[in-house]
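First comes the structure, then the notes that go with it.
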Amino acid sequence: MFLCALLSIVVTIGIIVVLAFEAVAFFRHVSIVEFFTDTRWFPLLEPRHFGVLPLLAGTFTIVVGSAVIGIPVGVASAIYLSEYASARARGIVKPVLEILAGIPTVVYGYFALTFVTPLLKHVVPSTNIFNAASASIVVGIMILPMVASLCDDALRAVPDSLRQGAYALGATPFEVATRVVVPGALSGIVASFVLALSRAVGETMAVTIAAGATPKLTLNPFESIQTMTAYIVQVSLGDTPAGSTEYQTIFAVGALLFCITLAANLAANRILRRFREVYE
Amino acid sequence: MSDPKVVDVPVETKEAVAPDVPVLEVRDLTIRYGDKPAIRNVSLVIPERKITAIIGPSGCGKSTLLRQLNRMNDFIPDCNMDGQILYRGIDLYDPEVDPVEVRRRIGMVFQKPNPFPKTIYRNISWGPVINGFKGDLNALVESSLQRAALWEEVKDRLTESALSLSGGQQQRLCIARALALQPEVILMDEPASALDPVSTSRIEDLCFELKERYTIVIVTHNMQQAARISDFTAFLDTGKLVEFGETDQVFTRPREKRTEDYVSGRFG
Amino acid sequence: MSRLLAAPANLRRRHRAARAFRAICTVLTWFCLVLLAVLLVHATREGLPWLDLQFLSEFPSRFPERAGIKSALYGTLWLIGFTALFSIPIGVSAAIYLEEYAGRSRINTAIEVSIANLAGVPSIVYGILGLAVFVRWMALGRSVLAGAMTMSLLILPVIIIASREALRAVPNSIRYAAYALGATKWQTVRHHVLPSALSGILTGTILALSRAIGETAPLIMIGALTYVAFVPSGPMDQFTALPIQIFNWVSRPQQDFHELAAAGIVVLLVVLLLMNAVAVFIRHRSQRYRL
């Protein structure tokens, strides 16, 4: 049984070793400086460029876009659930959020491509078939149940006696929610944001289907882009011989992805632990 | 205890009404949770600037009655009432009356101290600021803490967290917090039951000082406490008002047999 | 006279702000319901016309009219079967160890930290791991076995965490009662703790497996093929899975294939719905008998 538990350490080390091994081999061909500063990413065609910035920009666009949707709606839902909802309403909303969270990402990708993109085209005719905006919207929907659920837990952890005390001082529900309850749950709320964004960074299928496969540095969300995750998928779908530089790019980009999400998750845990609220 | 200069206060309702109208009057009040009555046909007049104690065995409805006086029962979904509660002649449950305004004038201190996890200063200043106070906040905080007999102990650490105070200090902080809104009436729900004897006696001394300016209604299950500090006592049993009168009389020459049984410890 | 206690101007403003805020929160929350409904209706409307017995029993084809998801369905079944085979025993054992036996030590803290971190790693990284270790290094090729092992690693943290919760929910009084009767730790766990925690463990496991069914990225990485016209007959065979097939169809430009994808999505969602319903049923049943 101990060995089973030990497996988790083995896997963690395994991931690090595997990524590092090939990534190091990659960086023997391509300088790290070029990797992080070149603004073009053409690993498969001559002349080859290995600047990861376009992929990073693509991921970043998706993350920001999804945050715009996912975080406000998630927080609003959490406040609704903990401060305003009746038990019956909770009984409907909570399962709905759980279902939204359980829908596979391919389905969201399909939805982005076949529903959201045509909708966007009505509004902004210059929208490309593959664009960052649809993917962002859909990833936002994907992360909002996570934000809502974690924030709801954090808000409900604030003891009711604090709310009663505030009401007894002549405050309105809005003031109690925003000036007493939310500040009292702040570390949990912030940690939920970080975790949700980390999930958005690692999101693969929705962006692969809907956002496109053209790595470029652009601020226009209606163009097609490519994220780090979508690139990895693209390379795997093709025929890349093991040991080639293209094969190694999988690991280089994967290593970067892993580092980013790991850092985000560690930060979230740090926030939770360091600033854990003391109520009494 | 010196009294700092008068500070900006919200409207004194007293000036607008004849001063001999009782500050708080309960008329034939019945409170139900669903269809189970917790308070039945209670009528009494709370005397102004005195301490009125509400005593009675567990579950007799004391806290329910207290909470009804500042509309805190509004938050309980199936709580409904018949009868009236009049504050200076105004029906508190009239549709035109805003409960938030009510709670500014009738403050409450809870059984377990519940300071906000903020600084001591912010705890006191939060209520007035929320309600639109525009005057000298520092003076208001100081005078509130002085009136709660806490100023000397915390004046050098106003920016520390309120949670760093002891239990007794936290409760006095909650009293100061209620005082900062310049209420007319202060409701206290067993304010010392969660505290040690030393802190308890300090809270009781504080009540004596406070009654010079404020009307106090205190719920307590501690009969000795009621006998010690209150001017008037109401004895409730299974939701009904059994007896109400001056404390001396209720404890030494009770009119009702049940009162006599209770105060001599035969039940409850 | 009650106007004396009515709301003055600034309080009316505060009340308006309070009502507006509440309205915003309510609207945004119920908007999520609308989103879910739109999503489901859209997929069902597009896909239902293609959903018939032929669809379930045919292999995919270049011609949409003749395409079916038989290979994907079987592939998913094989995959989940083996994934369950690997992940459940390992996950539950690890959870038992951590909850019942582990003391405070450096190694145990490291294990707990690892599990927490692994739970947050993107699924595609697991795919990369699977590619390097199972497909290449262990030379298992693009097989069901490699896929199952990769998926097991992916859902292992989820199973461990859920099982630990279930074990933790068993009151200590039961354990003490057993010890007081002279039982060993293993006897206590086997006869008292595990049976008590069983429903929670089952629920968690089913939910973890339902997550595995919907995962695509790791399978793409280890090379689950996107055009498979046969059914796996052994663990070393190549395979495809439901989400992969859906992905394949969505990626084609023709409208017909998009609708086929929708049909596949309907099948996938039905499978997930069934699994979740079973999990909820188990949870419900166990709570009825709880003291």
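The chains carry the letters A, B and C, assigned in the order they are written, with residues numbered from 1 in each.
Heads up, the rule we're going with is that contacts are C-beta pairs under 8 Å (C-beta built on N, C-alpha and C of every residue); 3 or more make two chains touch, one makes a residue touch a chain.
Being a predicted model, the structure only gives us computed values, none of them experimental.
Of all chains, the one whose CA centroid is most distant from that of subunit A is B. Across A-C and B-C, it is A-C that has more C-beta pairs touching. Rounded to whole angstrom units, the spacing between the C-alpha centres of subunit B and subunit C is 53.
Separation between the centroids of subunit A and subunit C, computed from CA atoms only, is 18 Å. Those residues of subunit C in touch with two or more other chains are numbered 14-15.
Residues of subunit B found to touch two or more other chains are 100-101, 131. Multi-chain contact residues of subunit A, defined as those touching 2 or more other chains: 172, 175.
Across the complex, subunit C meets subunit A through its residues 14-15, 17-18, 21-22, 24-26, 28-33, 35-36, 38-39, 42-43, 46, 89-91, 93-94, 96-98, 101-102, 107-108, 110-111, 114-118, 120-129, 131-133, 136, 153, 156-157, 160, 207, 210-211, 213-217, 220-221, 223, 226, 243, 246-247, 250-251, 258, 261-262, 265, 268-269, 272, 276. On the subunit B side of its complex with subunit A, the touching residues are 70, 72, 75, 100-101, 103-104, 107-108, 110, 112, 114-118, 126-127, 130-131, 163, 174, 177-178, 181. Of all residues in subunit B, only 11, 13, 16-17, 87, 89-92, 94, 96-98, 100-102, 105, 131-132 touch subunit C in the complex they form. Touching subunit C in their complex are the following residues of subunit A: 1-2, 4-9, 11-12, 14-15, 18-19, 21-22, 72-73, 76-77, 79-81, 83-85, 92-93, 96-97, 99-100, 102-107, 109-111, 113-115, 141, 144-145, 172-175, 177-178, 195, 198-199, 201-205, 208-209, 229, 232-233, 236-237, 242, 250-251, 254, 257-258, 261-262, 264-266, 269.
Those residues of subunit A that touch subunit B in the shared complex are 159, 161-162, 164-172, 175, 179-180, 183-184, 277-280.
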